[in-house]
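I am attaching a structure below and will ask some questions about it afterwards.
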Amino acid sequence: MVHQMASPLDVDRVRKDFPILERRLAGDRPLAYLDSANTSQKPRPVLDTIAEHYERHNANVARAVHQLGEEATAAYEGARDKIAAFIGAPSRDEVVFAKNASEALNLVAHTLASGLAEDPWYRLGPGDEIVITEMEHHSNIVPWQLVAQRTGATLRWFGLTDDGRLDLSTIDDVINARTKVVSFVHQSNIVGTINPVSRLVERAHDVGALVVVDGSQAVPHMPVDVTEAGADLYVFTGHKMCGPTGIGVLWGRREVLDALPPFLGGGEMIETVAMEGSTFAPVPHKFEAGTPPIAQAVGLGAAVDYLSGLGMDKVHEHERNITAYALERLRDVDGVTIIGPDTSTDRGGTVSFTVDRVHPHDVGQLLDEDGVAVRVGHHCARPVCLRYGIPATTRASFYLYTTSAEIDALIDGIERVKRFFW
Amino acid sequence: MSESLYQEIILDHYKNPNGRGLREPFDAESHHTNPTCGDEITVRVTLDGSTVADVSYDGQGCSISQASASVLHELLTGSDVQQAFDVEAAFVELMQGRGEVEPDEDILGDGVAFAGVARYPARVKCALLSWMAFKDAAARAVAGGEAHR
Amino acid sequence: MVHQMASPLDVDRVRKDFPILERRLAGDRPLAYLDSANTSQKPRPVLDTIAEHYERHNANVARAVHQLGEEATAAYEGARDKIAAFIGAPSRDEVVFAKNASEALNLVAHTLASGLAEDPWYRLGPGDEIVITEMEHHSNIVPWQLVAQRTGATLRWFGLTDDGRLDLSTIDDVINARTKVVSFVHQSNIVGTINPVSRLVERAHDVGALVVVDGSQAVPHMPVDVTEAGADLYVFTGHKMCGPTGIGVLWGRREVLDALPPFLGGGEMIETVAMEGSTFAPVPHKFEAGTPPIAQAVGLGAAVDYLSGLGMDKVHEHERNITAYALERLRDVDGVTIIGPDTSTDRGGTVSFTVDRVHPHDVGQLLDEDGVAVRVGHHCARPVCLRYGIPATTRASFYLYTTSAEIDALIDGIERVKRFFW
Amino acid sequence: MSESLYQEIILDHYKNPNGRGLREPFDAESHHTNPTCGDEITVRVTLDGSTVADVSYDGQGCSISQASASVLHELLTGSDVQQAFDVEAAFVELMQGRGEVEPDEDILGDGVAFAGVARYPARVKCALLSWMAFKDAAARAVAGGEAHR
């Protein structure tokens, strides 16, 4: 079946920007890459920018008076400007580069746990409560579990409804006067749910809690304005948004970043160092110890330019169309159960499902033999699998280059899986 | 393509497993899981002198892990304990050989069908799950066992 | 003056591998890049490997059953094998990827301070002593200062002799029965000194202390075998050894890595996660939370191949020759004072100096106008400047592509600086 | 090349600084440092009514930071406080203009020689060091000062 779908993007042209999409797999299979929630592919302009950086401008940043050093510094700090603009950050100094989203989330958790903050409010301890949800990525669960263990704070969480939404019926109990931090995912990486950020922010701020939003699956796929979202801290990762691996972003309100003590110590994050003691640079550098991921930040800047050039609203609309189409087709497949919201409302282009009597590993393996790349497993969100009583799911995830033909290939593949295993 | 991984023999064992289900009495039991994919298996070993009288098992997981357990049951039940460990060693060697080990059908029987799995690093663990659990349980059974009778 | 120097390397050919060395700077100046201790340039094979990775094999690692995922995982884990072999690590599992050397050092400091280790020996507290030196990079000072502040442990250090060596006359007092950790730099990034690793290791192990060696300036420049060095933990950084930015390495003895509790929590570093608690993967993955710097590890693997292809003994010998030549010429320049060892014994190709009556900033700026790129400042080792009573130094640092003609350009530049400012 | 940054005027001020040295009495003092390069300066302001009677200073640093202090002394000593702040604002604007601001010699005098510095981001801080210290000290002197007499 060939399905012609209207799209605000010229998807054929977009696809030409991504060299890997022309890759022929073993057995000369074409590639249908439906694993973008895991990591996205990279467009030519991003790869060219990285190559040019190394070939012409490579030097360390913020340290040199020579021309290459100035060029590298301008490129690195210029990337910060681009990213600040992309997420509507009121100030470029509120944009901190980390190695990935996980480090950014750990930075927040660790600094709150270290006891080094001047303002005692920013020191977690016994009696304090940290609130997360059952649909978090492990990177927004484990840091808080470790912090609770270290500080004596209590970890609480929101459960899930049967249709893959946060169960907020107990919001006024779960978020209460003892709550110091509320940290939750903007868009789930396993069930695709887009969470009601404002509702959570409102309640959290009512009780004076700090709000951390994990936007790893949101920023790549929809226009995000951090001030509109209302969070105090907002985290995302470069490799899922057309950027290179090795780069993540922590945005935070100036006041909050200022109040957090340093995390990693070392070069670049200091004001002055003596053996007897040191003072620290203002944000963002306070949180950027050592040589930063320079070429990776520059590459992420190019990714943001690329996405802005297409228009994030168009990217988002394209994905909505593709997702609606995928849900429609999957609903029709006998034996397939969608885990999570099965309508397009408040959900992104990440669809988890099970196939009756076939283990996800076998589904994924057979799909791979058709060139259809999906992810199988618990997707670093095992509590969701536990919640729905399944060992794992098969997950197809879409991006700006996804075509309806690729969804068709997925559906055909699932039919073949059933023929094979049923 | 698919034939290389999913040999007919593997599918047969998956669809019609041999000796599935946990049986009593047994001398030792071992439960193994593969945390990355959630596969799990329980294996029980019953000895009769130096003979493996029964290997019973139950679990959940992908076709590879389930078929592998069925093959294990078929190959090792009734064999001498030392011989069973030799077969186990040969199967592990095959699986870790990245597709470059030539399997010996005399030793591995239907197990040779897993030769292709060795080329899929992500699936090697699935194929080995029941064998690791067997090794554990058998070693303990030999060492005196817990004698659940 | 043209000086023909014998070298075990075919330096002309080596230079052709580094595209940036052909760069013409503003005013059509040729580049004499004498800032490799800051960051090295990258050879073509490294850049090609990174590009090919993104164009053909890009996927997330350790999570996928699809072909790209398997290729990416094989490339990433293959890089670990290469690096393990490069440093003589007894096991590949002892090689942990971090974002840079600073993160690796912080990982050690933070995990010892967290109090989460099962074995109480690995929990720093009041009464414990941490020993560093006055010639450490800030990245090996600040983490320990912060740890001392958090845990109540005491920070001690070795001072420096007038000629830029560690003053070990008090070694038996400074490293004593209370010492838990001894952390020091293998080769200084400011004065070039190569420290007597075995002597420090011996004393530290006599008192049962853990030895951390910062090899950021050693691994790029000489053959290093971590077992021979005898340290318990050994750290270095990719961007100074022909690799990309965004990647660093922590090697540790298995037993020590096993004993340290997790650092960053998140995806990949877990065994199993439930809301109530989690267990952790074995090393090295225990310390690699989140999507790792995949392409950067692959690039570092290519860098290691490149260096091994030339031979680290030859790289080292070339640098020794260049350094001897540079010291010889600098010693002859009126008004120049070398800070640190002024002979070739036990020192690497990093030479700090001052020019009488000219501030290093002015030296660096004028040299830049000749296309000679040096670094000026405290080089993230401010205590060394304090020790020698100077605000900053000018530092020229060499690598496998450095020529004697570049040293001549440096000397000519210094003469011009004097003509200009004297 | 070098002329763009190191104008003759700058070198002159560096080699023969005007008004260098800390003098008494003064109304307020400010000490500023540039931690990245170790430059430091102490600036003292003495008022006489609404007139800047003296700006004295001492410090160490690169030619840009030292020459800039000498120019500052020359320009601001004897001027009206408000006018001094205007000159200071013009100088800051010039320095932060990335080389795209056209300096007004009537206002900035020898300060126009620093126009080229604005194209060297790493050196802008050097040029501004004494001016920032002056701004601080002058503001406090105006607000009542500490009157060190």
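Chains here go by letter, A, B, C and D, matching the order in which they are written, and residues are numbered from 1 within each.
Quick note on the criterion: a residue touches a chain if its C-beta (ideal position, glycine included) is under 8 Å from a C-beta of that chain, and two chains touch if they have at least 3 such contacts.
On a predicted model such as this, the values are computed, not experimentally measured, just so you know.
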Looking at A-D and C-D, which one has the bigger number of contacting C-beta pairs?
C-D
Centre to centre, by mean C-alpha position, how many angstrom separate chain B and chain C?
47
Mean-CA-position distance for chain B and chain A (Å):
39
Residue numbers in chain D touching 2 or more other chains?
36, 120, 123
Two or more partner chains touched - positions in chain A
26, 63-65, 69, 270, 272, 361, 365, 376-377
Chain touch graph shape: choose line, ring, star, complete or other and state it.
other
Chain pairs in mutual contact under the definition given at the outset
A-B, A-C, A-D, B-C, C-D
Any idea which chain A residues touch chain D in the complex?
62-65, 69-70, 73-74, 270-272
State the interface residues of chain B toward chain C in the complex, per the touch definition above.
33, 35-36, 120-123
Seen from chain B, its contact residues with chain A in the complex are 1-2, 5-6, 11, 14, 36-39, 60-64, 120, 123, 126
Can you list the chain C residues touching chain A in their complex?
19-20, 23, 25-26, 31, 33, 35, 38-39, 41-42, 47, 50-51, 54-56, 58-60, 63-69, 99-103, 105-106, 109-110, 114-116, 134, 137-146, 149-150, 155, 157, 237, 239, 244-248, 262, 264-270, 272-275, 277-278, 289-296, 361, 364-365, 367-368, 372-377, 379-380, 382-383, 386
Can you list the residues on chain A that touch chain B in the complex?
26-27, 29, 358-362, 365-366, 369, 376-378, 385, 391-392, 420-421
